[in-house]
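Below are structures written as C-alpha cells.
Two complexes, one shared chain (chain A), two partners (chain B, chain C).
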Partner chain A sequence: MSLRIPVDTIRLAVPVLALSALLIAVFWLQPRAMSYLGLNLLFNLAVPIALATVAQMFILAVNDLDLSMGAFVSFAACVTATFLHSSPLLGALILAAAVAVYAAMGAIIHLRNLPSIVVTLGMSFVWTGIAVLLLPAPGGAAPAWVRSLMTAKPPLVPMAIVASVVIALVTHLILMRTSLGVLIRAVGGNQQSVARAGWSPLLAKAAAYALAGTFAVLAGIALVGLTTSADANIALRYTLLSIAGVILGGGEFVGGRVSPVGAVIGALTLALAGSFLSFLRISPDWQIGAQGAILVIVLALRLFLNKLERQERGG
Partner chain B sequence: MSALASLTRKPWIWSFVAAGLVWLVTVLFTGGASALGLTLAALTFSSFAIIVGTGQMLVITLGPGNIDLSVPATMTLAGTLALKFMAVDNSLILPGLLVAIAIGLAVGSVNYGLIKLLRIPPIIATLCMSFIVQSTAIWSNRGLRIKPPPALAEFATSGPFGIANVALVALLITIIAWIFLERSIYGRWITSIGQSMAAARMAGVPVDGARFLTYVICAVLASIAGYLLASFSGGAALNMGAEYLLMSIAVVVIGGTSVAGGFSNVPGIWGASLFMFLVVSMLNTYGLGAGFRMIMTGIIIIAVILLASRRNTSLT
Partner chain C sequence: MPDSPSPSPLVELEDARLRFGVVKALDGATLHVRPGECLGLVGHNGAGKSTVVNILNGALTPDEGVLRRDGQTVHRNDINDARAHGTRCVFQELSLCPNLTVIENTRIVHRDLGGFGWRKRARQIIEDSLNRIFPGHHIDSQATVGSLSIAQRQMVEIAMAFSESSTRPRLVILDEPTSSLDATLAGQMLAQVRRFVQAGGSVILISHILHEILSTADRIIVMKDGRVSVERPAGDFTTQSLFEAMGSVAPEEGVTQQARNLSQAPVVLKVPHPTVPFTARRGELVGLTGLSGHGQSEMLIDLFRQHSGNWLPHRNPTVAFVAGDRRLNGIFHLWSILENFAIAALGDLTRRGFVDDAAVRERGAAWQRRIEIRTQDMNQPILSLSGGNQQKVLFARALGTRAPVVLMDDPMRGVDVGTKQEVYRIIREEAAAGRTFIWYSTEMEEVCLCDRVYVFREGAIVAELAGSEVNENNILAASFEGEAA
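Up next, the complex of A and B:
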C-alpha cells in the first residue's frame, strides 16, 4: 500500500517548487530582501500580472485563448488614469461596458464557433486604438483610493502578498467551489455533454469571458495604482506573461484543467524571475530571455513529474 | 458564367475583392491622382507581411494549436545580426543573407525541439523561444541603429518600373510556397497532418519530419523578411518585428486559410496583405489618426472572420 498523491497536488507542486527555489536563491543572493520592505519591492509589480493571469485562466478554462489581454489591460489602465480619476461614475460605466463587451465576445465566439485567437487578435487592435485615443501620450493620474490601496502597508505581511493571497482565494472559490465555476470547467472538458445535461454552454462561455474581463479591468486599475500614470502600450507584454503564468501554474490548453492558485503562483514566479536576475547582476537585456528559459525549465520539470506519476500508476 | 461561379467559390477571391474595393474608394477620394503610386506603395509595403504570412500559413495549416509566436523576435534578431555582420560593407551582402537564414534555421529547429521534447503546445514553445530570441536581439543591438550596406539598401528600395524588388522577392517566395504546397508531397503531408494527425501518422506520413520542416521554413521566412525589412527601412530597430505578430496571423485568416488547419491558401495571403495595407492608407487619406485606424483594423478583422463563418455554415 503505497501513499497516493492526488494528481492535482503534483500539478501544484511544480509551480510551488519553482517559486520557492527562486525565492531561496534571491534571499541567498540578497539577504536584505528577506524583510517587509524587500518582499514588497520584489512582488509589487506582480499584483497586476497575477490579476491578468487569472483573467487569462478563465479564458483557458473554456479552451480559448485571449491574445488581447495586454491591449485590454492597457485600455483599462488608460480609462483608470483618465475617466476614473476625473469623473469616477463615467469611468466605472466605461469599465462595466468593457466587461459587457467581453461577455458578448464570449457569446459570439460560441454562437458562431469562431476561433478565439482571431477574434481576440482583432479586439486587441480595437482596445489599443481606443487607448491611443484616450491617452495619445503617456499621462493621466491614479485615483487617490487606488493609489492608497496599492501602497497600503498592512501589519506583518506586505500588501503585495496579501493581495496575491486574496486573488488566489477569490478565484479558487469562484472556479472550484461555485456551480458556475464547475459549469465553466465542464465546457472546457466536454461542451456536448454540458449541453446534453441541460446546461447552457453559451451562458458558461459568456460568464467565463465576463469574469476574465472583470479581472483584467482590476489588473489595469492595480497597475495604475502602482505606476500613477498610464499609456496605451503600458501592459502589452501581459498577453504573453498571462498565458505563460497559467501554463506555469499547471494549467492546460484544453480540457478545462486550470488551477487558480497555481496561476497566481505562476505569475509571482515570472515576476520574481526579473528581480532574481537583477540580483545576479545579469544585464536587463536578458530579463525577458531568462523568463523564457525559466518557463522551459519548469515545463521540463513537469514532464519529468508526469512521467513519474504515470510510472507509479503503471506499477 | 460557370467560370465566374467557380471563381466566387475560391476562398481567396474575397480578400482580393475587398482589397480592390478599398483601392477604388481611396483612389476616388483623391480624384484618381494617386492610382499608380498607391498601387506601387501597396505592393512594396505588403511584401514583408506576405513573406512572414506565408511561413505562418504553413504552420497554421498543421492544425489547431499550431502557431508561431516567435516570428517578430526572429525578424528582429535576423535583421540586427545580419546588418551587424555586414557592417555597411557591400561585399558582405550575400554572407549577411546566409547569417539571417542560419538564424532562421536555428530558431526553427529549437522551436520544434521544444515542442517535441517537452511535449508542450506550440504556442508556449514559440513564446518561450521568442523571449529568448528577443533578449539576444536586445543584447546584440544595444539600441543602436545599424545601417545596411548601400547596395543592399538600394536593392530593397528600388526596382524595375517602380515595382520594388522586395515585392518581386515576395512573389518568388509565394510561387515557391505554392509549388511546395500544391505540387509536392510535402504539401500533401502538412495538409493531411492538419486534417487529422492520427490519420496522417497511420497513413505513413513522416509527421515529425514534416512538422519540423514547417517550423524551420516559417522561421527562415521570418528571418528573410527581417533582413529585407531592416535593409528597406535603413536599419534594424528592436521593435521592427512587433507589428508582424498580429499581421502574420491576420493575413493568413483574412486570406481564407482555415484557422482549424488542413486547408491553406497561398493567393489569399497576397489579397489579404494588400487589403491590410490599403485599409490603413485609405483611413490615412481620410485624415483619421492612429487610434481610429487601429479600431477600424480590428473591426475589419472581426467582420471578415464573422462573414467567413457565415459562409462555412451555409455550405454545410
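Up next, the complex of A and C:
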C-alpha cells in the first residue's frame, strides 16, 4: 500500500488554496488590510453568508436544493429586527415555528416525492411575502445582545474569524461526527440502503431540513447584528451565494458529498472575492461577472485535481 | 439449535402470492429454512427469487399467504422486526452508501451502535468480520466506500452481513454474492457460509454460478414463474440435472467453439506496449481476464475514449460499449425500454434532425425478437424489466449500432444461465459476421469462449493466450505468476 492523499484532503485543498490566493492578492493590493481591523472589515459580512451556506449544505447533503434560502434569511432578518427586538419571546417563537416549517417541508418533499426545487421556489415567495408584511420599508433595529455579539472584539483574532471557525467546527461535529450526521449523509448517498437497515429516511430528511432552517435563522440574526436594520430583500442574493459556497467548498449536488469546513471556507472565499474586485476598482456592474469567473477558475482547478487523483489511483 | 435432527424452521413462507400491477411476482411460493442449513435458491431472472428475499427481509408483505418466523405468524411485516430476528441481506446490486466510509456504513447497518464512541465500536465490528472472512483483505475501514473497487465493496457488504452487534445474525441471505469476486475471494466467502451454517446459522444462497450452489448448499430450491418448482437435497443434483430443473437447455460439453484461425484477418484495434502489445482482429472474440479489478475495465474505458468522439460524435463510430454496472452507467432509469435501446444508434435513426419514430420502433421490434426481451410493450419503463432483461437491452443497444468493435465490461454479472446462453449465441453469430468483441469477464466459462485472451495483473497485460492455451489452469497460472516470488 502506497501512501496516497485521501480524497477528502484534495477536496478541501482547493477551497483552501483559493482562499489563500485571494487573501494574498488582497494584502498585496492593500497592505493595510493585514491588520485586526482590516481582517474584520474583510470578513464581517462573510459570517451570515457562511451560516446560510452551511444551511444550504444540509439540504444538499440529502440531494435537495433550497431556492428559498435568500428569501428565508431575509424573513429571519426582518423578524429579528422587529419582533425579536421589541418582544423577544414572541420573536423567538416565530423563528422556532419557521424552523418547524422547514422540517415539515422536508417531510412533505420526501413523502410526496416532490422536487425540492419546486417546493422551495414556491416557499421563497411565501417568505418574501411575510417579510414585506413585517417590514414594508427598510427599518427595524437590532436587539442589543445581537449587536454586541456581532461587534465584539476578542483579543488577537477578530470576531469574524472566530465566528467562522466556530461555525465550521460545530457543523463539522454535527454532520461528520454524530450518528445523525452520518444518517443524513447516508440518505444522500443511498436512500434505499438506509431504509433497508430499518431507519426512517423521512425523519432523516426532516432533521436535515430542520438543521438547515436553524442555521438560516442564525444567518438572519447575524446579518441584522451587522447592519442594525433589515429589509425584505436584504439577503436575496444568498440563495445563489450559498449554493456556490457549498460547491466551491468541495460539495456536490448529488450523492451526499459535502464538507462543512469546506463550505465555510467557500463562503469566506466568495465574500473575499467581492472585496478583491473592489480593491481592483472594478465597477460593481462587472463584479458579478468577475465573481462568476473566479468561481469557474476554482471549479476547473478542482476538476483538474480530481483527475490527478484518479490517475494516481489508477496507475 | 442444531442438535435435534430436524429442528423447526427459522422462517417459513406458505403459499405466498404477490403481484405488482399486472405482473405476478409470486404465485403461491412455499419454502422454509431451518437453523444450521444452507438453502440454495436458483431460477431464471424474474422467477421470483428477489421477491422472496424482500419478503424474508421485511421490505414486502405478501398479498396472500403466511410468513412465520420461529413458528410465529407475522401479521405486519417490518424491516426492523426482521432485523431483530437476525435476518441479514447482501443484495445483488451493491447497496452501501458510496459517500460514507466503511465505518460509517457499519453505523447505518447496525442501528444499535449509537452513543459516544460509536466509531470505535463500528470499526471493531467490521474489521473483525473482514479479518475473519477475508484474511489479508487490504481494506482500510476509514476509506470512503466510493474509493473501493467493486470487489472490495462486495467484500465489505458480505462482512457487514455476517458481523455481530447486539443482535446476532441468524439468517443471512446472499443474493449473487460472488458476482464481482474472483475465485479466491469467492472461495473464502463460501467457506464462511459453511462455518456459519455449522455453528447453527442459516443461509439462503442465490447464485447463477451453479457449482457454487452445488458445493455449498445442503438443499436446493428451483423457482420458476413465482413458484417453487423443484426442491431436493443438493447431493441429488448434478450440474446437468440442475440445468434441466431450471428449464434451460444445458450447454453441451465443450461449448467452446473450435479454434478459429484469424491470424490473417485485418487488425481493427491496436495498443502498442513494450512487452505484450494488444491487438484485436476482425471477427475475433478477445477476452480480458485475470483477477478482478486489475485494470481490465480501465483498459476498456481507455479503448472507448480513444476510439469515440471526444467533443462531437463520430459519424461512423468504431466502438460500442456494454457496461457491466448497469445501474451506474448503463441504463437511463426514467426512459422507456425503446428509448434505452435506441440511444446509441440515434444518429442512424434520425432524419433531418428529427428522430424517425417509425424506424426506431421497427428496429426495436426486430431486436426484441432477436434477443428476446421479455416485455409486452417496448414503451414500458426500463425498470419494469428484470435485471437480466435490462442487460439484454444494453446488449441490443450496442449491437444495434454499426460499430465494428463491441467492448464488454463484465456484462453478464447477475444474469441467469438461460439468458447467458442466448447472448453467447448472438455474440457468436455477430462475430461470425465480422464483428469484433473485446470482453472482460470474471467468469471462467465465458473467458473460455474467446479466441484469444489477455491476462491482466496490476493494471497491465502480463500474458496472451490463444486457441487451446485458453483454459483455467493457464489463466490462473498467469494471474498469480510471480506472486510467490
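What we mean here is this: the second predicted complex is superposed on the first by the 312 of 315 C-alpha atoms of A that agree within 3 Å, B and C clash if a C-alpha of one lies under 4 Å from a C-alpha of the other, contacts with A are read in each partner's own complex, and residues count from 1 in each chain.
Everything below uses one rule, namely that a residue touches a chain if its C-beta (ideal position, glycine included) is under 8 Å from a C-beta of that chain, and two chains touch if they have at least 3 such contacts.
No experiment lies behind these values; they were computed from the predicted model shown.
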Simultaneous placement of chain C and chain B on chain A, clash or fit: clash
Touching partner for A:A293 - first (chain B), second (chain C), both, neither: first
Touching partner for A:I117 - first (chain B), second (chain C), both, neither: first
Partner chain in contact with A:L303 - chain B first, chain C second, else both or neither: first
Which superposed partner A:D285 touches (first chain B, second chain C, both, neither): first
Most chain A residues touched (candidates chain B, chain C): B
Which superposed partner A:R257 touches (first chain B, second chain C, both, neither): second
First (chain B), second (chain C), both or neither touched by A:N190: second
In the complex with chain C, residue positions of chain A that touch it: 1, 6-8, 179, 182-183, 185-186, 188-190, 192-199, 255-257, 313-315
Contact set on chain B toward chain A in their complex: 65, 67, 69, 114, 118-121, 123-124, 127-136, 138-139, 142, 246, 249-250, 253, 259-260, 289-302, 305-306, 309-310, 313
Contact set on chain A toward chain B in their complex: 65, 67, 108, 112-115, 117-119, 121-133, 136, 240, 243-244, 247, 253, 283, 285-293, 295-296, 299-300, 303
Parts of chain C lying in touch with chain A, wherever the complex brings them together: 57, 59, 79-80, 83, 89, 91, 95-100, 104-105, 107-109, 111, 113-114, 118, 138, 143-144, 147, 295, 298, 459
